[in-house]
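Both complexes shown next keep chain A, but they swap its partner, so chain B is in the first and chain C is in the second.
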Partner chain A sequence: MSTHTSSTQGLPFSPLRGSPLSASPKGQLNSSKYPYRVFLGLARWWRAVVEQSPQYLSAVLGAIPFLALVAIVIILFHEAFPAIKVNGGGFVTHSKWSVGSEYANPIRRDGVATPVGATYGAWPLILGTLEASALALIIAVPVSLLSALIVVEKLSARASRWVGVFLEILVGIPSVIYGLWGALTLGPFLAHHLAPIANHIPNVPILRFFRGPTYNGEGLLTAGVVLGIMIIPIIASTARDLIRQVPASLKDGGRAIGMTDFEVSRKVIWPWIKSGIVGATFLGLGRALGETMAVLMTCGAVLGTTAHSIFSNMNTIAATIVSQLDSAQTDGTGFAVRSLAELGCILIVITLICNIGAKLLLSRATHDTTTT
Partner chain B sequence: MTQRPPSPALDQLNKKRRFKDRLLWGIAACALIVIVIPIIWIISQVVSKAIPHMSMSVLLTNTIGNGGGLKQAIVGSITLLVLVGAIAGVTGIGAGIYIARYAPRAIAGFLRSTVEILAGVPSIVVGFVGYIALVVGSHWSFSIWAATIVLSAMVVPYIAKATEVSLRGVSDSLREAGEAIGLRDSLVLRKILIKSASPGIVTGFILALAISVGETAPLLYTAGWSTTSPTFSLKHSPIGYLTYPVWTFYDFPVKSASYLALEAAMLLIILVIALIALAHLLRHKLSKNLPQSL
Partner chain C sequence: MEITKDKAITQLDNFANVNQLLVAESPKAINVCDFTGRFHGRTVVDNINLEISDGSITAIVGPSGCGKSTFLRSINRMNDRISGWSRQGSIELYGEQVYANDVELLSLRRRVGMVFQRPNPFPMSIEENIACGVRAHRLAPRSHMKDIVRARLEEVGLWKAVSGRLKESPFQLSGGQQQLLCLARALAVQPEVLLLDEPTSSLDPISTQAVEELLKEFVPELTIVIVTHNLAQAKRIADNVAFFMNGSLVEFGSCEQIFDSPKEPETAKYVSGIFG
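What follows is the complex of A and B.
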């Protein structure tokens, strides 16, 4: 500010700006000579406000994501706290999920009113969440990596832009529509075409997990495949950005000593992006863990049992919160909602660990490339 | 160039290497196809099942029970889109500007992490907190504003991130040129930084809106469901939106209900693809005539 007014200092009416304001440093104008000095002061103040406002306004807005995050965590844990106290450690190891009797008088446990017979065990949900996400990663990671590789190394700029658009569409397609497709099309398709083949797998431990009755196509496999498709864009676009950062000189060096493109990708690109890819995988995992509607519509949504096979019905934490909140509202003591909040706490802790881990790994990966 | 002596073993090896190379790119091409197939499969399935039942009455009548049309849901979805666009747009772009331009280094890094962590919070958790805090805790009951706040909280990180990344992408020489000719700070921000970053900001903003329009889980227990046009009062103002019929009606035994689900799904796909197309169109238009650097 002061730097550019200095050149016109002393001129009451700046010919440069057509306004006396810009050329009037404090004390230059005499109020008896210029009775409108008050207005000038006001205008100068206003100019300062306008000048400074983006800074302060954006600082206020910049604090909002942080405040929102803190509010979400505090409200969630505050709501869940009584449930955490009553359910104890059994919450993560037991399997039975029961709201209890809504007719008998509530009893007090650890100072918290709960319906008679209310027991909450989230083990099948935790396991189901992890199983579905693992399946999703098994599908999404190789597809994403290979397509990112071909996009960077082989495709023209125009073609890779189109792949980018496809990835955006994959992100944009609403979760419910993935669910609709999974429930109406993919599930029955897998049940009718894949399950009969899978039933040739011998009925022995471990392998037994990959065969079984299909329940109309809703189950772990369908949910996992749908989730896998949904997390492809996040992993693929992160991997693409990582591969783009590999210095061209290194790749050219590899080619100069006669490496094939395959060898360049394995011996040059891969070591360079390895830790970043782990980070990208964690990002995808974080997304898969929290995905709700698509899983809810394709998993069969059973409560209280873990999946016996890749085709059996299952459930995840996120899907349970949505599907059980309706019936939880009938619990007059509010304990059912609190137990769902406890589920939410588990979910948010797992996803936060994933996302923070991903961020650390990715920032290390990008750091490596800039310093080397 | 010297002739190398014939060596069958080396030829064999090179053949193997070349084969491996081709194999890798073959598989990689298949991976690309794997990305495209679900898109085509999903869109063609939904559209082909919905088209036969599509008519103008779907767009012009409200939902009646589990039949009728989707007018109020379309109006509701677009209302939410506008409200979220206004609130999350201002917040996200403001936050992005602060992180990229004004925040001290340490605070910028910290806020950047918070934005990324907030983006990673599962949508259902945000919705559930909205339900606990606003719908029940503040006695709003189902409310259009609860839905707007929850959706905005989900979308703000995407917009903030896009804004920040595109602002940091503006070349320093351009900004310094502006400062050198004595532009005021606010003008540097407006005429140079935001203008040069606008293609990225606008694209990120619209893509974030496209994500918000497809959300279901956070809306189920904040927006509720309504079969009449939206009202804007703070309390007791449930609102209809397009994702609700898809989730609620898709496995109804009644034909009219499942048709409604398919029609809503088709409208959603059209809306999302239109938004993505708009984002690219605007990016193309805005990035014309923009100097990249000096």
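What follows is the complex of A and C.
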């Protein structure tokens, strides 16, 4: 509709004219009280562009994120396709990871040139990714939920604002800093203080997983804890927003029949937020699955074997892609890089499933709130 | 003035008799004494003195923002958690200080139930909505729960409508049914006093009538205090009416007296619809 009106009202995109729908009077905009008139002019021009641009332009702009996602997936799969063909289903089930011989002449398998002895099995990496993420969730979800509850229900408005500021700062800390802390401080601490206690756990199946040699402190537990701390702000801030959305009348209702704060949390707040919390958990999971640097620095980056205990070295998909890319690029046939791309495909599929799941659950949670 | 010993004793006796008579006739459920409530120092409820007799329906009426709801919420101490709230004076519930230090909030709120302006069923099944309060106060063993749920729902006339879907969400119910469910939920913990904060303001006329008739059935077993904007409603159901304005209690009296021969000019103006 704006295209039509603009043609009668002068040049479209003219920086000199305000948009025809402009609400603010001109005198106010040109007031000498406002020293940054250049920016105001720009803002006005931008508004004119936005309001007078034809519909298809916004449709094109709006489609960019979708097209970018599709392009990334297609390109990644295209890059990985030869490796998918050669590695076959064994890629996700077996454990051996070898670039093969650099010196022997490449052989052709399924029409793809590969180094002699090249074999790729991602099972330990897939398992490691899931293990580390699961550990991170086990740590992060209860902590986030409790802290969100306390922030909303117990703290004063001022205090909870400050906590919010710190949560945002925590999100902004570069992951390499978390990794450094994990490798230099947390890992040695867990190895020296927690592992000796954990070794009192009886050496029987299942429980055996929680004891074992610690090496240098890098391993599944360290990576999991670091990841957990990294995703706490994500889950906690979503949980906080969800808890804030619980109608005050509902909490009042609970208190009015004499429920304790704990009962109000459990019986009134929790049913209201739970599907949203599942969504928030998936959001955190998405972050944990893809997190690279902090994990690489704390996991011990071992290839070809799954973790025997929470203290053993392990590896994840993302960390492997980073740590192996250099050596993969020395593979003249390019097969190693293609296998890493295949690894990337697996990661993107897992992440997409998580994110779509999160979106679906979160949107359902909001839907619940609006209909009632 | 000199009083002889005998005369004094007779007078005291008379006093005692009169008091006993009064107590026997209408014991005070709620006794409010010089009660003042403030938010951040701003007086919202100003020096209220009010006696609400047992087994009566008392309607609190007045223009918006006159402190009716705040006063109502003071009775079961729902304002305690709101930041900036402070109060002076006392409220007694059957002779016990509501604001004493050793009062257990949970048992106070069991004894003084509350129903809110908008229906606020909990996000759990219909059955669970009623059972959760009973369970929280351990009022009945688990095996009795089904009967209690049924009895409460029958009491509010909801049983027929929901008996087939006790496990379903209460948000499927109509607004009126939701409010009845909230009423049943409040009754399930066996309160002695029921506070209602404009319980029918979001309901249609037929649901409103249903709620009003229920309230009339509940007395005199229950003492009811209802805040309402609807003067006709107060006229229909109340035994006594308290008229609030600007945080103060302007006039308190029987329903007929307030509506037919108000003493204060403001009351007269309000009940005749000149303002408010």
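To be clear about the criterion, the second predicted complex is superposed on the first by the 310 of 372 C-alpha atoms of A that agree within 3 Å, B and C clash if a C-alpha of one lies under 4 Å from a C-alpha of the other, contacts with A are read in each partner's own complex, and residues count from 1 in each chain.
One rule holds for everything that comes next: a contact is a pair of C-beta atoms (placed from the backbone, for glycine too) under 8 Å apart; a residue touches a chain by one contact, two chains touch by 3 or more.
These numbers come from a predicted model, not from an experiment.
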Worksheet item: After lining up the shared chain so the two structures overlap, which partner does A:252 touch, if you call chain B first and chain C second: first, second, both or neither?
Response: second
Practice prompt. Identify the partner contact of A:300: answer first if only chain B is touched, second if only chain C is, both if each is, neither if none is.
Written response: neither
Worksheet item: First (chain B), second (chain C), both or neither: which does A:340 touch?
Response: first
Discussion item. After the superposition on A, what does A:263 contact: first (chain B), second (chain C), both or neither?
Written reply: both
Practice prompt. In the three-chain superposition, say which chain, chain B or chain C, touches more residues of chain A.
Written response: B
Item to complete: Kindly classify A:106 by the partners it touches after superposition: chain B alone (first), chain C alone (second), both, or neither?
Response: neither
Worksheet entry | Set of chain A residues, in rising order, touched by both chain B and chain C | 260, 263
Worksheet item: Which of the residues in chain B end up touching chain A in this complex?
Response: 17-18, 20-21, 23-25, 27-32, 34-36, 38-39, 41-42, 45-46, 49, 90-91, 94-95, 97-99, 101-103, 110-111, 113-118, 120-126, 128-129, 131-133, 137, 153, 156-157, 160, 182, 184-186, 189, 207, 210-211, 213-217, 220-221, 243, 246-247, 250-251, 261-262, 265, 268-269, 272-273, 275-276, 279-280
Worksheet item: Which positions of chain A touch chain B when the two form their complex?
Response: 1, 3-4, 50-51, 53-55, 57-66, 68-69, 71-72, 75-76, 79, 142-147, 149-151, 154, 163, 165-181, 183-185, 229, 232, 236, 260-263, 265, 283, 286-287, 289-293, 297, 318, 321-322, 325, 337, 340-341, 344, 347-348, 351-352, 354-356, 359
Discussion item. Help me check something: in the complex, which residues belonging to chain A touch chain C?
Written reply: 156-157, 247, 249-250, 252-260, 263, 267-268, 271-272, 368, 371-372
Response to the item:
Per the touch rule above, chain C residues touching chain A in the complex are 76, 78, 81, 83, 105-110, 113-114, 116-118, 120, 122-124, 132-133, 136-137, 171, 182, 185-186, 188-189
